[in-house]
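The data blocks that follow each hold one structure.
Heads up, the next two complexes both have chain A, just with different partners, chain B and then chain C.
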Partner chain A sequence: MQALKHFLLRAFFTLLFLAVPVLGVWTFVKAPAWHVWFPENVSSYGGEIDRLFWLITYMVTVVFLITEGLLIYFFFRYSRRDSSRALYTHGHHTLEMVWTAIPAILLLVVAFSQMGTWAKIKIDLPEDSPYSAAHPMMEVYGSQFDWRARYPDREGNFQGEDVIETPYDIYVPVDTKVVFLLRSRDVLHSFFVPAFRLKQDAVPGMEIPMWFEATKVGDYDLVCAELCGWGHYKMAGKVHVLPGEDYEAWLEGQRNALYSNGSED
Partner chain B sequence: MTTTALEAKPLGIDPPGTVHTHHEHHELGFIRKYIFSTDHKVIGLQFLFTGLVMLLFGGLMAMGIRWQLAFPWTEMPVLGKVLFPETGGVVTPEGYTMLFTMHGTLMVFFVIIPLLTGTFGNFLIPLMLGAPDMAFPRLNMLGYWFWWPGIFLILLSFGAEGGGPAAGWTSYPPLSTVASAAPGSLTGQNFWLLSLTFVGVSSMMGAVNYVTTIVKMRAPGMTFFRMPLSIWGLMIAALLQLFALPVLTAAGFMQLFDRVFHSGFFTPADTIVNSASPEAIGAAAGGHPLLWQHLFWFYSHPAVYILVIPAMGFVSDIISVHARKPIFGYKPMAYSMSAIAGLGFVVWGHHMFMSGMNPSVGLVFMTATIMIALPSAVKVFNWLGTLWGARIHINTAMLFACAFVAMFIIGGLSGIWMASTPPDIYIHDTYLIVAHFHYVVFAGSVMAIFGALHHWFPKMFGRMMNEKLGIIHFVGTFVFTNGVFYMMHQLGLAGLMRRTADPYAYEVYARLQPMNQFISYCAFGLLFWQIFFVINFFGSLFFGKRVGRNPWKACSLEWEAPSPPGHGNFDRQIVVHHGPYEYGVPGAPEDYVPQTQKLPSGVGAH
Partner chain C sequence: MSRYSSLAVLGTALLALSAACRFEPPRPILRYSLNSKEIAKNADMAGNSAHQEHLLGALEFLFGTPQHPNFLVLPDWTDEEPEFDPNYWSLDGLSEAEKAAMRASNARAYAGQIAAIRAGDFDSVEKPRYADDLWEDWLRLVEERRANPGADRNWIEEGAELFESYYPELTVSAELYRQQCFHCHGSEGGGDGSTSQFLDPLPRDYRPGIFKFTAEQNKAHPRNADLFRILKEGIYTTAMPSFRRFTDAQLHGLTDYVKLLSIRGETEILMIADYDPYAGIQPETLIENYRLVVDRWRNAANDFFAYEGEIPESTPERVAHGRDLYTSEQGANCVKCHGATGRGDGESVKNNPKDAIDEWGNPILPRDLTRGVFRLGRRPIDLYRRVYAGINGTPMPAHFGMQITEKDGTKRMLDENDVWDLVFFVRSLSARSPRAEPAHPAQEHP
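Then we have the complex of A and B:
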């Protein structure tokens, strides 16, 4: 009776611990079906980010299952009622070397495999773009609690009366490497378009050049990812990705509207 | 076995291992004995009781957050009436920002650090080293009492003009420095800054004491490599405090100067907040917001290791005792903790990958951050090695310790995603981060604290905690913890950002509400389940089974002292002969050999 009770106790806690890796992996498998998962990627570099994410995900899943598996197996195997003594050992030098060296190599591989993509997105601006940090397509700036895009006049100036400013809605052409300057008027904000896999803080006093290339026409949510005050939760914007000619037409329309007595249409 | 407590007079610094065989009978009054006590054990318990009350406050803040995320803009039961009476219990948007600011602040500075270092640091360090008390008992007492102005100020800030501080526990300027940027930045932020200064001074006094005691007060024979890993963890955490905390204190004063004297350390020139430019509001400008982030994280990244390294030490001790097996790879365990701490000083920039910091610098921080997974992995392998071939006794303390390992694996592995800069572009400031640090700090450190309380309760109070209640508490806590935090990974991968009062205002996130409701139900269950802990803890204080010196048959020195130890701790001469993990020793009369007894000849150990 006593022995059965002890066995049930061991089995119960083993199953409790086992539930973590089993449900853990299962929820990751099911998450896309539950719509608690990545939105579809629509930027040229988003695929690279997703691939690096999966590289890490597969690696950590293997390590996760091995370590949790051993923990659970040892817990079950070595909690038997046994009057003999435990294995008397203080460690194993070679084993320590092996389980230090192998993860070290794997981690270095992970680290170095990230660098190219990071440099491409954040360090170097694309050279084959009609726009550059000196001549950006637009300026985006955040202020409590909205986003604004500013488009330069025909000469490319951001000062003066002919600059077009659109609150909340940002219009960009598809399949074009859009370079823009990110600014903040007041506090920190963060420009986050989940579908582009793009995020960058907007900092007062800084002009941060950023770029993306949208690959699919559509309207995408722009959200603020850095706490900016009580209205942080409603600092929503939209990025409208238009076909190239539609974008040109939109911009032209905005400019013409400016000249028709300052009122639209 | 005699358990009569030794009544000694207050001690100054005694040579290590001193035993006071003759002493005057000199009863201390109630106030000197229980309130302004210089006894490290009383101070440890003061930190324990205060910390547990603060844990309840921090937990209630979390419930407020969870209510809003599950049922936005509806009347919050119980808590809403207290915190938001003017709206009839409905959270206001600025109230929500205050809730998570206070939740983070309370949990980091008033719960986890005081429970790990204040409680167990104070209680265990002299006992495990064979010392009669801390090196500086009076400074120790002062350390506890300097915490109280901090507590008063942070609680007072709720009633400040405009409400409590609401710029996040990270308090990034200009939101935190410009009064017109947020209601909580009117005056609440000043309370926050002053409160943290007091808490910092309190931690500093503790840290000075811990390091001095560990270096100078070890019993004869207690070399550094014979110290329990708990002491290693506590020493490393204290060193982190000593080196990093001055930076936070200085940065806090700079922010206070910005707010009060408009010194403009963190305010750039062309800032316009709510149509007030810095010039118009009298603020000098020319500063930079990123300066605060560097200074803050230079402290607060090491601080997140302060939140976990002592817990790693406790878990090592608990596992070794209840697995009846020497810790596997003692020295690698000590070295890997040191490596985590050392590397911990050069990884702060990973909080700033998206901040506008030079992205090339981000590559350096990324490599350092990814490499910090290495010593963490070594620790996990050694815990597994300890369990291999063990004779595990299943009890509450052991279950919590194993849960720490199981949860730390999750928290550690998820760190690799966000350490890697390209995936971090997407997951920075999302719920994946929230999942990650709660797996380390709640599912990890808080589990370790529960385990450590069950393990050392008999030494603290001379009574056992109830095993049945303990196991009931463990099961519910384990299930609900995973229910709360696991699915936050997927929420983060869906792009859901932190600190958002009503994420469903965004079209992309509207579909996430059912998952958030599930998480909130688990959170309410988690808080409710702690009632079993409260009953067990307070019940056992008065009705627990009385025990002798060494109920767990453990090797380390604290079990040589009476339970609870009297003033001066030890009533016999302490000489240490070997390390603290001699379990399952072949040829010994019992399966363990205390540190004060020689190992049987022919058994090799350090």
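Then we have the complex of A and C:
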């Protein structure tokens, strides 16, 4: 009777701990259906980020399942009654070497496989773009607590009288390699457009050239991904990807609206 | 046995937790509080807590409570043609273009719901955020449809129309205010919310009814469009962000609520000023003051100075004339505060402390005109309005009609063209030529 009770208790706690890996994996599998997963990728380099993401996710999943499986097995196999004493074990030298070497190799795989993508997105700006760091398409300012895009005047001057400023809404052309400067007016912010797989900190005092190429027309969420103060949650925006001629028309409309006589407001 | 009792404790705890998740605590009844700064100025009132309580009740009679705000509609307003109901102030005052923009913005925000309705799939319509009254109307429609399946009504059109023509009730706008604005502007709009202590400049105190960024002369109250524009654009370089993520209807609703708070505050200030310790709070005075304040807001549109026609072209001659007006003591004399270099470091700020305090009693500096940052809009028309009519509540005066002496000694009034010349000069102060050198030589590939 006592043995049966002990077995049932062991079984109960083993199943309880088994719920962690089962629920964990299940959450990930169901996440896309619950709309808590990445939005559709709409940038030219988003696919590479996704591939790296999946590489790491698969590695972690395998390791997670192995360790959880061992944990639960040991939990069941080595549970003792109250009366038994703890026992001393020295460990296993070869085993320790193996579980140090394998993660080290995996880390090197991750490190080398991401180098090209990192350089492409963060270091090298595209050469076949109409824009460059010296002549960016726009400047994006993060400030507590909104995003504001500035577009140059007709001469391409960001210091001119007729600069366009739009809060919240950022307009960009589709299928164009957009180079822009990211700046902050006060504290650290982070420019994050999940649909572009683009995330970059905005650092006060620095002008950070960034680029992306949106491949699909639409409106995409822009959020701040760096806790920047009490209003961080408000710091949202929309990136409107327009067909090239619509973008030009929008920009022209804004330039004309600058000289509105205010009768409409 | 101790193992089983611990299991029982665990199970009870889980049950209690799941019950706690479903439990909604009763919401406390909120009340506005009185303007303590104004009351402190009136010794009679400050010493009479019963009359303070009367005043609070009287204001609740006119404006309701934070959870149920509502303008009292005076009988003669309903007799007017068209009927005036301050509870739908913005909605009634919208132009056709603004109404169309509002519909378009609703259609964008509720695209998912409208698509589901058009597909005839009424059950999969999702509850929209921040629009409880819309959801109640929708559920009522769904219920009616269920009850009368044979009725000769176009349910699809009615449902889509409900979402497209949505305009929030004051109660819902007040809820949105509490979520988005309250923590800076405070529950009475006193600019004393909990985060206000971290801010410079401070959030606006609505209660005196003074608003800086208007397009009206004579220190008139703002029009709906002025408040709406601030919500849309934000005020750059202050903590006031742009609220474009809400629909036009929601922003119009917020301006309604801001007006309620402001009118409440102004009525309160008048009541405290008129307070007679022997008579107490008199209903006649209350209604008289209420009508007075509402009329001030209704008359705002009369003081709007629309600029007809095209914005003139900036020329070097106009900029040069603007500079003469700016620097000359007999001209517009902008140097007095904004300084010879335009950096906002004029003599007057150092020598005359009155020029460095605004009407809310906070320190204020003249704008640094060389930065190219203008709080409410950098369009020429925005600067024109600031120079023409001044900035309410600040030492910046109205310049139109000011007596000036030209270089050649002729005396005349500062006219529209002079205002434009000043605007063009001010705009030229922040303009620079494009940078000759690339910003990031290291990142330029050969």
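Rule of thumb we're sticking to: the second predicted complex is superposed on the first by the 245 of 265 C-alpha atoms of A that agree within 3 Å, B and C clash if a C-alpha of one lies under 4 Å from a C-alpha of the other, contacts with A are read in each partner's own complex, and residues count from 1 in each chain.
Everything that follows uses one rule, which is that contacts are C-beta pairs under 8 Å (C-beta built on N, C-alpha and C of every residue); 3 or more make two chains touch, one makes a residue touch a chain.
For clarity, every value in this text was computed on a predicted model and none was experimentally measured.
**Student:** I want to verify the contact counts: of chain B and chain C, which reaches more residues of chain A?
**Tutor:** B
**Student:** Between chain B and chain C, whom does A:Trp230 touch in the aligned arrangement: first, second, both, or neither?
**Tutor:** In the superposition, A:Trp230 contacts both chain B and chain C.
**Student:** Which holds for A:Tyr259: it touches chain B only (first), chain C only (second), both, or neither?
**Tutor:** Second partner only, chain C.
**Student:** Just to be sure I read the superposition right, which of the two partners does A:Val62 touch: chain B = first, chain C = second, or both, or neither?
**Tutor:** neither
**Student:** Once chain A of both complexes is superposed, is A:Ala249 in touch with chain B (first), chain C (second), both, or neither?
**Tutor:** neither
**Student:** Touch check for A:Asn157: first (chain B), second (chain C), both, or neither?
**Tutor:** So A:Asn157 only meets chain C here.
**Student:** For A:Arg197 in the superposed arrangement: first (chain B), second (chain C), both or neither?
**Tutor:** first
**Student:** Go through the superposed model and pick first if A:Ile105 touches only chain B, second if only chain C, both, or neither.
**Tutor:** Neither: A:Ile105 stays clear of chain B and chain C.
**Student:** In the superposed arrangement, does A:Gln144 touch chain B (first), chain C (second), both or neither?
**Tutor:** The answer is both, since A:Gln144 touches chain B and chain C.
**Student:** Could you say whether A:Phe75 touches chain B, chain C, both of them, or neither, answering first, second, both or neither?
**Tutor:** Only chain B; A:Phe75 stays clear of chain C.
**Student:** For chain A, which residues lie in the overlap of the chain B contacts and the chain C contacts?
**Tutor:** In chain A, residues 9, 143-144, 185, 230-231, 234, 236 are touched by chain B and also by chain C.
**Student:** Could you pull out which chain C residues touch chain A in their complex?
**Tutor:** Contacts found on chain C: 3, 7, 97, 180, 183, 195, 198, 215, 225, 229, 233-234, 236-237, 239, 241-242, 244-245, 306-311, 314, 372, 378-382, 385, 427-428, 430-435, 437-440, 443-445.
**Student:** Taking the touch rule as given, give the residues of chain B at its contact with chain A in the complex, in rising order.
**Tutor:** It is residues 92-94, 96-97, 166-168, 172, 174-175, 178, 181-183, 268-274, 288-290, 323-332, 354-356, 359-360, 362-363, 366-367, 370-371, 373-374, 377-378, 380-385, 387-394, 399, 402-403, 405-406, 409-410, 413-414, 416-417, 420-423, 425-426, 428-430, 475, 478-479, 482, 486-487, 489-491, 493-495, 497-503, 505-508, 511-512, 515, 581, 583-586, 591, 603, 605-606 of chain B that touch chain A.
**Student:** Write out the stretch or stretches of chain A touching chain B in their complex.
**Tutor:** Residues 9-10, 13, 16-17, 20, 23-24, 27-28, 31, 34-39, 48-49, 52-53, 56-57, 59-60, 63-64, 67-68, 70-71, 74-75, 78-79, 82, 84-92, 95-96, 99-100, 103-104, 107-108, 110-111, 114-115, 117-119, 121-123, 143-144, 185-188, 190, 192, 194, 197-201, 203-206, 208, 221, 223-234, 236.
**Student:** Show me the residue ranges of chain A that touch chain C in the complex, using the header's touch definition.
**Tutor:** Result: residues 9, 12, 124-125, 127, 132-134, 143-146, 148, 155-161, 163, 165, 167-169, 181, 185, 207, 209, 230-231, 234-236, 238, 257-265 of chain A touch chain C.
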